[in-house]
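For reference, chains read A, B, C and D in written order, and residue numbers begin at 1 within each chain.
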């Protein structure tokens, strides 16, 4: 249950304020050269503490690779174990909360399930866990990039500010279309986060992701569809409340006659002229860009007095301390890319690639 | 890959125009009395041919149970094998299409993956497969109903007509809130389907589903979250382009201070006073109603001349024959319920229930 | 739990005296031509009723393939569903036994696990189930034979009569060595079965199997070793009490200096000059013949009065009726071949073959 | 593939001469108090270097637990990550061998599979990996012991010296029977190891294991039988060439009339009066002791000149250096116990225990 994937498998462990985070990436093909600079670059994109807009916790997030590679960092085909030491855990921040359930957090449900929980920093439910995912995705990227496969995720909405249709370009012109970029919108989104922080509040967001270079034929009918695997992976991400790919929710209002992607003559330069479908048909990749949106809820912890019960249900107002992002999605794009790459890597192996 | 679930496992087979559909439901606890009337009732809700609004294919859809039950239909704990004979397959309808790839269908991708495909009726990619899922869900329901767990799915939008916020009542009043029902909206949705049919077109839709009676504690961190499992199952359903639960996409525009579900004093009568979160926190059920929306694309087959390539990419206009629903989502609610029940049943077993 | 394999997956159902046995073979590559004659030949080798030495139950054992193939019996890559109708079930034979637990049968344990059991013919615990496995293996053979992979299993010991070292030839001369055949030993073994039958008793046996043509590189460290997968599959077979491969139990008495397989110069014509190791090192195939022994216990049902308890533990002597083989292993060789082929097929897919 | 178990899952990593060994135990129930003294005691039983009879490599083998427990070492229900630093790796020992394939080692097969291998100390194929298994088993034991379940494994044969029938007592008197102990036999076995060492040779062995306290009802028909799961786990252990449980290979020579375990009147004090079957019928535990034998081949590395090929197949005589046990089975009993406990723990969870 702490494992993602079937043949390319990431298994993880770690509590937010425990000694270390870590995991095992099993199934990565042998002979892949790991470029630690590019691995570190992905991890750094996720790291906290770079600005006031994200949590003030400062972890160096330096991975230690314990197995699965030669001294020259060539993969052996054996499982790659890695750990990240937790160094900036301030458990004192949570002492007051340790006897309380925070609304819209996992405190109540972990205790309902296990009869016990690690209150410091949310324990296993903390977004600190995602450092493991980025590590897994960064390792997978070393292999996938050699196949011409890449993922790009961007924040495309914060609160009420954002791009109306992030994939319009890509759907219309799959070869050259890009995710949108507009200075005013980008600033507007940052302002929304800053506003929430000042207001002791938090704010939701949308992240958009596009996968390029995925060959046709990945994904399995009936219960292993590409979009099923992607959705399963993405819904694992803390705070994600929804997933759509291709036309997504707009499909519900559309007519069939306006939703068709016509084929190109001779399937060239791409099989389809447009990409309204989002890269998968019948659960199998078409070779066109795969793209999807994720919606994130606002960080549930806000720095205001909130009524919280103890384990007997006696409610008192408590103001949460601890270090939190006003907008969890700020650091999410690289995590989304990591999950997307791990998912595609798994589908590649299931389809017999990787030899 | 044709198997859903880990401990409650539905494995299926069948091509739309082959001899039979069928499957195996493995893991259903022993000692459950199967009420064939209620099983049949679910299957009938899915069945085609009941009105002009759905496909004119007429299958009796009578399941034959081949194993796993006593002569009195008490489950033995062993796998339940079942089949549905295909009796109204008109393969001639597809002869013209058998050398063509239909846009937004799985023809192209199946051939990309397997180098071969069954062109008659879409083969394995046909929605005919879902009769197996409803059978599985109907069997699971026999057990889950004894635990007080139920699923209710409804069509809540067709094209541009529908309910604006299907879960407003349930979120605000989890104990008594219901899915909306309004004669004018219901008629409006049916008209949209009828209009699409007359217009030789098709139309998208949204289905909304609520699960009640699910106990707290189901779902597993980190990669086995309740919402991940639900999303994976739902994205398996043909034509589904998106999934959201709880506040869903609205969460992206919201502030934290307006998204909190406060606890009830003494956790009574329910742990939370409201249910904006949609029944799961940290990936684990809270005991509150679980609710989610699915968006369906319009049926890709429309009865108009469409440019279609042969396997060499030579494009000609072809008018698809065959029998198709103008709105695939019309028959989807009971399928959604079936998938939801199978998912919850699996999580129950994973949590040690079922003994 | 009623599924064997990870990528080539056989899921089965059926009680001995229920309406039908059946299963789903999922993952067989597309484009394989199924030769029904050769499938039927394998099933016939398993079939009962051909002589007095095996059970007198007469089933035609004609498989009905319900999906996964074209009308010309070319595989589509989709799951192959199949059933065998049970036609010669004489449930009356078991009425007396239905309230009794037979020693060394699964009656007691099924009831301990499920609180209910199907007493007729042993229900799901009956060796009738193995018709499904042979069907699965026969389908897999259609693919594996095209790759030059074959399995051969033989009865090599019945009671105290048999070949002392069935693999001596193969170990010494991997290219040309064969399983032993000697008229006197073969007759001796048959006599042992006949003797047991006349004596209202039963007798144990050993089955030896060799796999040829398996390429090097199959099997996965650490917990997916080739011998682990083989042993798991083989220990599924009713009445099997032990598994050994290569030198097997003889290895316990041996010295290292007499157990080494030296390499051939230039790895030619085979990597190793001898095959004491039995075809796998470190859990991975070496390209040499894979061979193993299985030990079968005597059929637990014998036609003598035996003290048997009812569910309250009150013991009375009962003479079992029903039709039983005096030596279950008589029909086992083809079942062993089927399980071996399914296991190798799965490992091939896991290693990226099958595209 | 580096994961054992379905619900209680041990995933491991580590090369013999890499920075660390380690793993994740996922699924251990919450609320179990870990007694580090008893964990360490199990690990110490496996440790090398305690006498001349085992390898001279000296590792402190001190586990570091990185997650999944409170500061008081109570399990949280979340995955337990752990590592063992490798401190006494002498990679120089293998420099000569790094370009050679050792007979009956995994050198050749790893290279056949991955095209690359870690030559130092056998890399991932080294028995050093089993320190992870003992850690997993020791953690599982903390839970299982509270349920009254225990495992005991012993060396019962070395070369040609040993006990003729290690389970005779237990089969005849399941309540009080024990594994045999005789000073002369024990000394004889040690002498065999010493003799092999002096002779620059190695020797095979047998390990016998008995599990007590396992409740009836564990194990799943058809492909999840208790004996299948045990065999799969045990065949993962380096050098194991065979597995038998209950009467094992003796069953092949026996008659049915002499193999029956009769029931006790009123199922008291145990369901069966004797335990020839070895604790499982129909793949499901009977509540009687479960017992099995494993046969180990001699250590393939011996300190004599051996012809070894390089990767081109050019053969030269090389004398292996490095530190090796003359009898790998010497340290195996505690590893066998660990694997047995992990397997039973998994079956308990699959059967709904653990809540």
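Observations on the structure shown:
Throughout what follows, a residue touches a chain if its C-beta (ideal position, glycine included) is under 8 Å from a C-beta of that chain, and two chains touch if they have at least 3 such contacts.
Since the structure is predicted, the reported quantities are computational estimates derived from the model, not experimental observations.
With steps allowed only between chains in touch, the distance from chain A over to chain D comes to 1.
The chain with its C-alpha centre at the largest distance from the centre of chain A is C. A straight line joining the Cα centres of chain B and chain D is 45 Å long. Our note on geometry: chain A versus chain B, Cα centroid distance of 26 Å, whole angstroms. Between the Cα centres of chain B and chain C there is a gap of 39 Å. With touch defined as above, residues shared between interfaces to two or more other chains in chain C number as follows: 1-3, 12, 78, 113, 124, 221, 350-351. Against chain C, the residues of chain A that register as touching in their complex are 6-7, 78, 221, 349-355. Every residue of chain D that touches chain C in the complex is listed here, in rising order: 1-4, 12, 101, 103-106, 108-110, 112-113, 124-125, 129, 157, 159-160, 196, 201-206, 216-218, 220-225, 227-236, 238, 240-249, 251-257, 259-268, 271-272, 276-278, 280-287, 295-302, 304, 306-309, 312-315, 350-351. On the side of chain B, the complex with chain C involves touching residues 1-3, 9, 11-15, 18-24, 26-27, 30-31, 64-68, 70, 74, 76-81, 83, 113-118, 123-124.
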